[in-house]
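Working notes, structure below.
Note that the chains take the letters A, B and C in the order they are written out, and that residue 1 is the start of every chain.
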């Protein structure tokens, strides 16, 4: 039973990718590792997605080398055929099918163009626990999508996403670059499985990657509202106004950009995460090329994070008990990591 | 002593490659790992092959970076020279040669264009234990040879070779593709160190890779006779007739193909095997390009096996105690794996 | 505390590279691993080199992705800024800087165009322990520099450098190739942290890589004087005369080459070393292209060593207790390895 490390919350929705990663094509079988479980995903003819353990119950052959047959998936080593519920419905050359001839399946929900898989007890798989997001098919937004692999533990990712002061430093050449990120007064509110962070920055310069679009001295009022939820989702509502005179509450400038960046960071195993992310403008504030530039900006910034987090991960792996000085910006990360630890503890105590 | 895992039978002939892998060339020194032992092989001027431990007895320098000198091999780190019996015959700069100045050598027999190395007690190295095979220099056959590396444990290979129902599934686009492989009635007979399997398939279509040669509806009677022996050899006599009216015993159709495919699968270490294999027609049933097509067919099929077995191996390594449902087609694999386990047990008990 | 293996002497100067590896450039930050410690090196505006642990004290982010600011280095994850003494002088967004906000720094000395780092107790960092060498900026010599990575333990490197009989064998096509290296009578003298080896070879042919420069039958008297010191430095004074009539003591031939080859072999971790090395002629005996040819020769020879030592290292790792026959040429290696072991033992006993 305990082949899994206990670092992953099981009763949780994990993003397995963008919906367009999985087609009705004959060979469209997606092998994914989520929370250290190898999965195979495919679509039934009605479009619904099935997620199965990627190991045949016979001799652990990989099912992602199998063949779709209607609603079913056939292992192409010895031909065992499994229904979408994981129950074996054919053993070629053998009449009797024993009841243990089955592979585990996982609840799946598609929402906002993401495929969500529940890795724990199916009875607890409540779709209401899937975080709110804006997907690329939403007609009111022009959302552009992307993907990145990072060789780092998800706890480092959580810490990264819960502390935006790092935009001043890591992202000085892209998304950040001004010191306002360090001093921003953030209002944090607990969510059922996460934390909401809300804050304003007034009269700040444009981020580095967008400064060429505006007069050099132009300043902005910026509003960030972020939901971070388990396992490691980051849903950002980002708005920018021309700088007004307000110093608290909503800006009284002119709305320039209303946008969403939705990021599902999926723990693959203890050393890897997979980012499925997006950025895009509301249709009302969009311009030709603008949302593509936003997506390009977040691509560039995530490469900066990737270099930092992968090296940090190697350092932490080498010295797990290395010195850890706590500073003011650890409040956000600590809040979210405590929630993760509470869920892990609760699951390890339940039978 | 116990640096070796106990997963390899020692008193056994292992194939170290095709004879043409080793020439009389000045630099023709072959480094091979067999049953987790690093070996160096070379030919003496009389053509005989020497197999030595690939570690100098001085400081473990690799002898495959050495130099052939007549019958001897000189380590090119400090110049120690070893006769073909592994006994040191020169230590440059030193007169006395201590008796422990020697490296281990291994009995070698060349047969059927394969080089066989005995990995156990030399006193027990009986050439009669080398399996029968047909090599490329046999004038009655037009045997074509090939080679492939697979990152999988040899037990998975044994299971693969002992259960030909997988031709229906893995090899549906190449060697297999019809369901007759699943239902074939196989007669299995114990051998001294293995199992003989013999069976007929009547009125079956041509395999996928040869269908273009015949009228679409043409059917065949097929006879397979296979010796599988330790460590993991597979000697196949394959005959095909135009379909006759017989439903048991020899076909009464017309002989179209009489062929041999000889496969020596050598365990390299616990995670790797090396395939040295062939296929070819009898001269009597050969046609220009036919035997090359057979070899091409088995190359393509073994790439299919490779993808499946390597992924299966990763799954099994991750969960050695993963669920294992047994099905009807496990009878053959179980028979051969039991023989392997009997030999392993016998060796672990002997002093 | 014991995350380090005890295979490295701490109170010792280790070479971190050639001085030109580190510039005043804005992004010139050098990440090095020495004796299994990750370091970052940079130059202050006055040119002095700083060596710091390459882990921020906050969350182990790599400082080599940081930013130089005057004498200081800023971690570019959360902006913590460290003075050249490793003490944190700024935590953005936080007024109080706790005393434990510091990273370890290491004493550095530049000498002979090498950067030397002291990996142990700073109070014991005596520059007098840095070995004598001739660097490329010495006006009396035309020293050419190079660098190579080798995947082998430093003990194997020490054995290699302390026994030059291997020139006859490994380097037969480059630096060596005649049997005189095997029989040379070497006078060895203990040094404070190493061994001096001094010997003459009379009337020997030119090494393989230089034979095209001379008449085929021309012979030479050669003098080698080598200091090998901890951790694994090799300082060679190499002189060649046209062969005279002397059979002991200085040659009475004509001086053809007076040269130095200085080699600092730095243990990276238990499986890797980094070579920083040179060769070059005295100005008095130099010719256009000669010193470049010497450097080219040592490059070629070190690739020969690399192939041998990396394979030897793999063999030794697989069987650490493998058979080790001692021969006459082990006297030198044993002498230096004993010194290493004495220093290791002394350090493990001190509190």
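Observations on the model:
The rule we apply is simple: a residue touches a chain if its C-beta (ideal position, glycine included) is under 8 Å from a C-beta of that chain, and two chains touch if they have at least 3 such contacts.
These figures come from a predicted structure and were not determined experimentally.
A complete topology is adopted by the chain contact network, contact being made between every pair of chains.
Matching CA atoms, the turn from subunit A to subunit B amounts to 120°, rounded to the nearest 5. By the residue-number overlap criterion, the interface of subunit B with subunit C counts as different, with under half of its numbers used by both chains. Distance from the subunit B centre to the subunit C centre is 47 Å, each centre being the mean of its Cα atoms. In subunit C, no residue reaches two or more other chains under the touch definition.
Put simply, subunit C touches subunit A in their complex at residues 3, 38, 54-55, 57-62, 64-65, 74-80, 91-94, 98, 100-101. Those residues of subunit C whose C-beta lies close enough to touch subunit B in the complex are 156, 159, 163, 165-166, 168-170, 172, 179, 182-183, 307-308, 311-312, 315-316, 318-319, 321-329.
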